[in-house]
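The data blocks that follow each hold one structure.
Shared between the two complexes below is chain A, which pairs with chain B and chain C, respectively.
For the complex of A and B:
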């Protein structure tokens, strides 16, 4: 990848050259982010010494735009990668570069690009810098809009693998039709309908993977693996329904223990909304749908697809202490979510109204029977019957503005968590969480926020399992925003019963225009950091962190 | 509606360019044998219980009676189907010498067989299951000889499959001992090619141009007398071996197939044989 720097320099030099002749105008935008960490050992929380003393992740995105034409690059440097980021990121260079034309009927991107078909169940090339995840494709991406309401996408490329590219070649095509646009009689209809279908194929050379039960055999690997999906998005008045079904061919990989069972996934989402009320219910069925461009890659990279999580992404510390990681090998679940605003000037609504948010979800494994291991079909399922409980979560949040200066949010949550989803067996954890969050708007430029949390759990810390989330916890946080530019916050999480650890943090931040600087000192618990069901393991740390972001 | 049809057409055309592979299950597994070249391993695959007949016919392009032997063996092949396994060994300095620019169908290892068993005897001649006490002119008398063998119970069942690994080929030969076998055994693997067109002499017709030569021995992958079989020989034992090889440059892969036979190491009598297409 680093070899492309020269090519890129030539490319930008050519732009500059043409620009100098006055043929091109355009403008350049960008953003820069620098994150640093200094950590020292702490035997209680398990933090290790960092030999380098200072760890730095930095990046700069630069985008040149001129009419329909754009070109960009991203420079990244991990010197060395911060704790929790894969050591394979170590180094610096141009990680991403592209040139694109975006016309009314046609868009073409050459270079690195991100793309998604439908909800991503067969293809989602995306980046999440906080997860250290970037599965961008290097190749060509073409989007055709031959007439209003019809979109066809076609792409081919290889996926980023830290500073290199994976061996697998990804090819895909997707089409979407908006019936309200292409059928005149439906243009003003209350019924809105969009349908789509996509197909993605990956190719990877053959390799020798020894059949574990008899080393004289090797797995007969499919070199081309295909996945297809159909989807529909229907709405009528206040009601909405989205559904997508995906099927994947035989794809033995390290993710499924090299079994040959074909994969399936189904997502259904029904919604209702009106003023002051919105509700949705989601159902998900996932069976052996992990899809990577390299069959032997077990880490966070080289995912071709993405299975959305249907559990609520909590923001409060204890509610998010047990994040749920999507089990692409097999799971099924339901989620319901209701948001209701009690009207102003009512008994419960008071002067400003009251917001109530109720959410519940349950995820189980599939009821399956094992047939064999690698080189076999693996298992068979018993229809849509649920298996072992993986995760259940219910939370009620009530937010009320008490006066023009005070806003109070109270939350109660209950979670059942099966540690098997993180790869280790153990008893279910049953957790009760209570949160109180009070915001005091002192004046226009000064805001003080208090947060208190409690978590009671039936889990107990043991050095054998070493799960530092176990036990009963309390937490307090005070955050002060002043002069609209500065903020300072102090927090502490303490395991007061059956647990271990005392995690205190102090943060100071300053914002000026598009520039923000933040400095923190404290302890970070080891655990999973999950965004949208995709997770990475974060080790414990103890020390200083800082972050600088700016854009131009 | 026109737009919809066009969209559907475009999508169909595009989808036809990308495909996925479907691996067939064999005995509940999706595996291929990948043992070291020439090393014997235990096998658990099913092997058909069939006693086959191997005919080795010695022939030559300048042998005027050989086309009559071809006709007789072709008729026998039609009659006995897969139970008959045929190899045509082109040999002899005089009768096997090619015409003009025709390819030389003689092979060094085929010549070793010819020198060992045929020598100065005229051709066409043949042996069935390498019974060198009964070398005969294969224009008649085939049926009795064949039926005497295929009606026997098989002592060793055989299965050969082939595959390709990059630019090289491999064969996997499986042996299943249906009865106790005490003899030392050897395994021989042949490459056979059909549809080679040469000039051929024929009695009464002279030189026939573009005569279709079938069952032509092109190569012996093992030693001419085979490789040792490592097996205890007890009833129920199943063994297998992988043999890697390169195909001769002048062979057309689509017209080639493999023959494997297992024989008594001392007497060289063939116990059973099998064949498969070259993938």
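For the complex of A and C:
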């Protein structure tokens, strides 16, 4: 890392030097973020003991752009990492650097880069700063756009692993064609069609994994593992259809207990939409598709591909208390959404109209039969037959502007959650959630928001499982905004039956342009938090938290 | 390490010395709602100002912002010629829901997808919503993160100023 820093310093010093003299022109932009917490341990909400008292994550992205040329670097410091971040992040230094040329027909990036093929089923190098995820590739990424409507990408690199890089080498190529651009007669057609295909190969040196049925033998591991995918995006007028299929060769790894079964994944999405009415339905089938660049890595890093949950991302606290996470070893599911706007000046629409949003999803395991452990094909599946229920939900949201001052949103949600998706078998949880959310615009500068939530659940807290979300809950939140600059919010979540916990929180924030400072005190659950006009993921904490972000 | 710090100082001085407005990045690949890949250079408004708003389907304040502006968008367009371009940062989990979402809400904005957040990174967006005003010369003249009812008025003032400059 030290060597890198010196090289980078020289590089940037020279750019900055020349820049200051106005020879090259160009711009320096960037963003800085500081997050800290001063925590007290609390076994009741699961906040751990923090011997160092103050935990601090910070990062700065600096980007230099001059015409089609850009170069950037990122400084990161975790002293020490905040709760929820892997302790391997401990330390400080330059985590990321690159130089790039972005022309009309050619883009080249050398250094750390992010990339995605299709929806990411075989390759997605991405980051999520709030979850501590970064699987950027260090290497070379080339994109060619030889003519309008054709994109070809080729890349090779190693994946970031905290402050190091994983051993596995990732290589990939992807092509995409937009038929409306390349076929002249289709350019104004109602029929829109884009198709693509990609291939990714990873290489990792051999290692010794003992064959469990006869310890005298070791597994004959594939050093190169390939994965390919094809996709299409078709639309005609109000109708749309997107589909992607991926296949992966034999890839024994710790994620699938070193079995030799090949992997498959299929995602299909159909939509209908017109102004004021839309619907979509999405189906997903995933079988042994975990794809990592290092076969012995079981944590959150070194994923080459990305298989998202298709369930709706809820934003209200109780609706998102039991989030569903994709089971890359195998699952299948359906998700549907309907949005409808009741027109203005009708009986139900009133003066401003009413928005209705329905959603439902169901996810199950695959109906499979085990045929062996490590070194075998592992299991057989029974076609598209569903197995055990993993997750199901349904929700109805009605949003209505009552007058120029009041806006009300009411939501009802029902969920069935199988704790096995988080690794511990147990009874299914059945939860009912009701949310009321009222915004009161007192005048141009003063806005109040009230939120009340209730969750009734058949789950009960027990110290064996120690799941702090069990039981029945109520919540209240009041948020006051003075222009877009200041906000204060007070909230409390309380387990009133069969559960434990009382999460009270006081937050204040100040925003000026692209700079924002926020200070919080109290107990906080991990998850998506939307207060003071922005949304972000937050870790579990108990005590004082502060956050500063700025872009320039 | 000393050199590194020195270079940071140099850069900061250099950027302050050249305190002119940064251009909106060109040639970054984003997706149109029909699934085709386009470059950010396609985001244009004939020399009139633009609002670029980064949002996501799961972000309540973002949706409040876009729904609030929807009600006054026609007036704003008539008055200033402004165009709002909404950049969704939804990833593969919800990217397919963006088009139905836009139609279901009845938004008349130009909408693009930034599923792997290349444009978001190039614009230094940290949280959503994050809104920019681009003047007729393609320069970023204003940016703001967060949305609260009423703050659209401030946005309109900036757009009006940008439109007046263009007309000069």
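Keep in mind that, in the parts below, the second predicted complex is superposed on the first by the 521 of 552 C-alpha atoms of A that agree within 3 Å, B and C clash if a C-alpha of one lies under 4 Å from a C-alpha of the other, contacts with A are read in each partner's own complex, and residues count from 1 in each chain.
We take it that a contact is a pair of C-beta atoms (placed from the backbone, for glycine too) under 8 Å apart; a residue touches a chain by one contact, two chains touch by 3 or more.
Here the structure is a predicted model, which means the values were calculated and not measured.
Participant: Of the partners chain B and chain C, which touch A:207 in the superposed model: first, second, both, neither?
Facilitator: The answer is neither, since A:207 touches no partner chain.
Participant: Regarding the shared-chain residue A:29, is it in contact with chain B (first), chain C (second), both, or neither?
Facilitator: Second partner only.
Participant: For A:199, using the defined touch cut-off, is the partner it touches chain B, chain C, both, or neither? Pick first, second, both or neither.
Facilitator: Once the two structures are laid over each other on A, A:199 reaches chain B alone.
Participant: On the A-aligned overlay, A:502 touches which partner chain: chain B = first, chain C = second, or both, or neither?
Facilitator: neither
Participant: With both structures fitted on chain A, tell me whether chain B or chain C touches more of chain A's residues.
Facilitator: Of chain B and chain C, the partner in contact with more residues of chain A is C.
Participant: Could you look at A:235 and tell me whether it touches chain B, chain C, both or neither (first, second, both, neither)?
Facilitator: second
Participant: Identify the partner contact of A:298: answer first if only chain B is touched, second if only chain C is, both if each is, neither if none is.
Facilitator: neither
Participant: Where does A:217 make contact in the superposed view: on chain B (first), on chain C (second), on both, or on neither?
Facilitator: first
Participant: Would you please give the residues of chain A that touch chain B in one complex and also touch chain C in the other complex?
Facilitator: Of chain A, residues 149 contact chain B in one complex and chain C in the other.
Participant: Which of the residues in chain A end up touching chain C in this complex?
Facilitator: Chain A reaches chain C through residues 2, 5-6, 8-13, 15-17, 19-20, 22, 25, 27-31, 33, 61-65, 68, 70, 94, 102-104, 107, 114-116, 119-121, 124, 126, 129, 143, 149, 151, 176, 178, 180-181, 192, 194, 233, 235, 240, 242, 269, 271-280, 282, 306, 308-310, 312-315, 337, 339-341, 355, 357, 439, 441, 443-445, 447, 481, 483-484, 487, 511, 513-514, 516, 528, 530, 532-536, 549, 551-552.
Participant: Using the touch definition from the top, list the residues of chain B that touch chain A in their complex.
Facilitator: Residues 3-4, 6-7, 10-11, 14-15, 17-23, 25, 28-35, 41-42, 44, 240.
Participant: What part of chain C is in contact with chain A in the complex they form?
Facilitator: Contact set of chain C toward chain A: 1, 3-4, 6-8, 10-15, 17-18, 20, 22-23, 25-29, 34-37, 39, 41, 56-62, 64, 91-97, 99-106, 115-118, 121-130, 142-151, 153-154.
Participant: So in the complex, the part of chain A that touches chain B is made up of which residues?
Facilitator: Per the stated touch rule, the residues are 146-147, 149-150, 152, 154, 171-173, 175, 177, 182, 197, 199, 201, 208, 210-211, 214, 216-226, 249-250, 252, 260, 371-372, 375-377.
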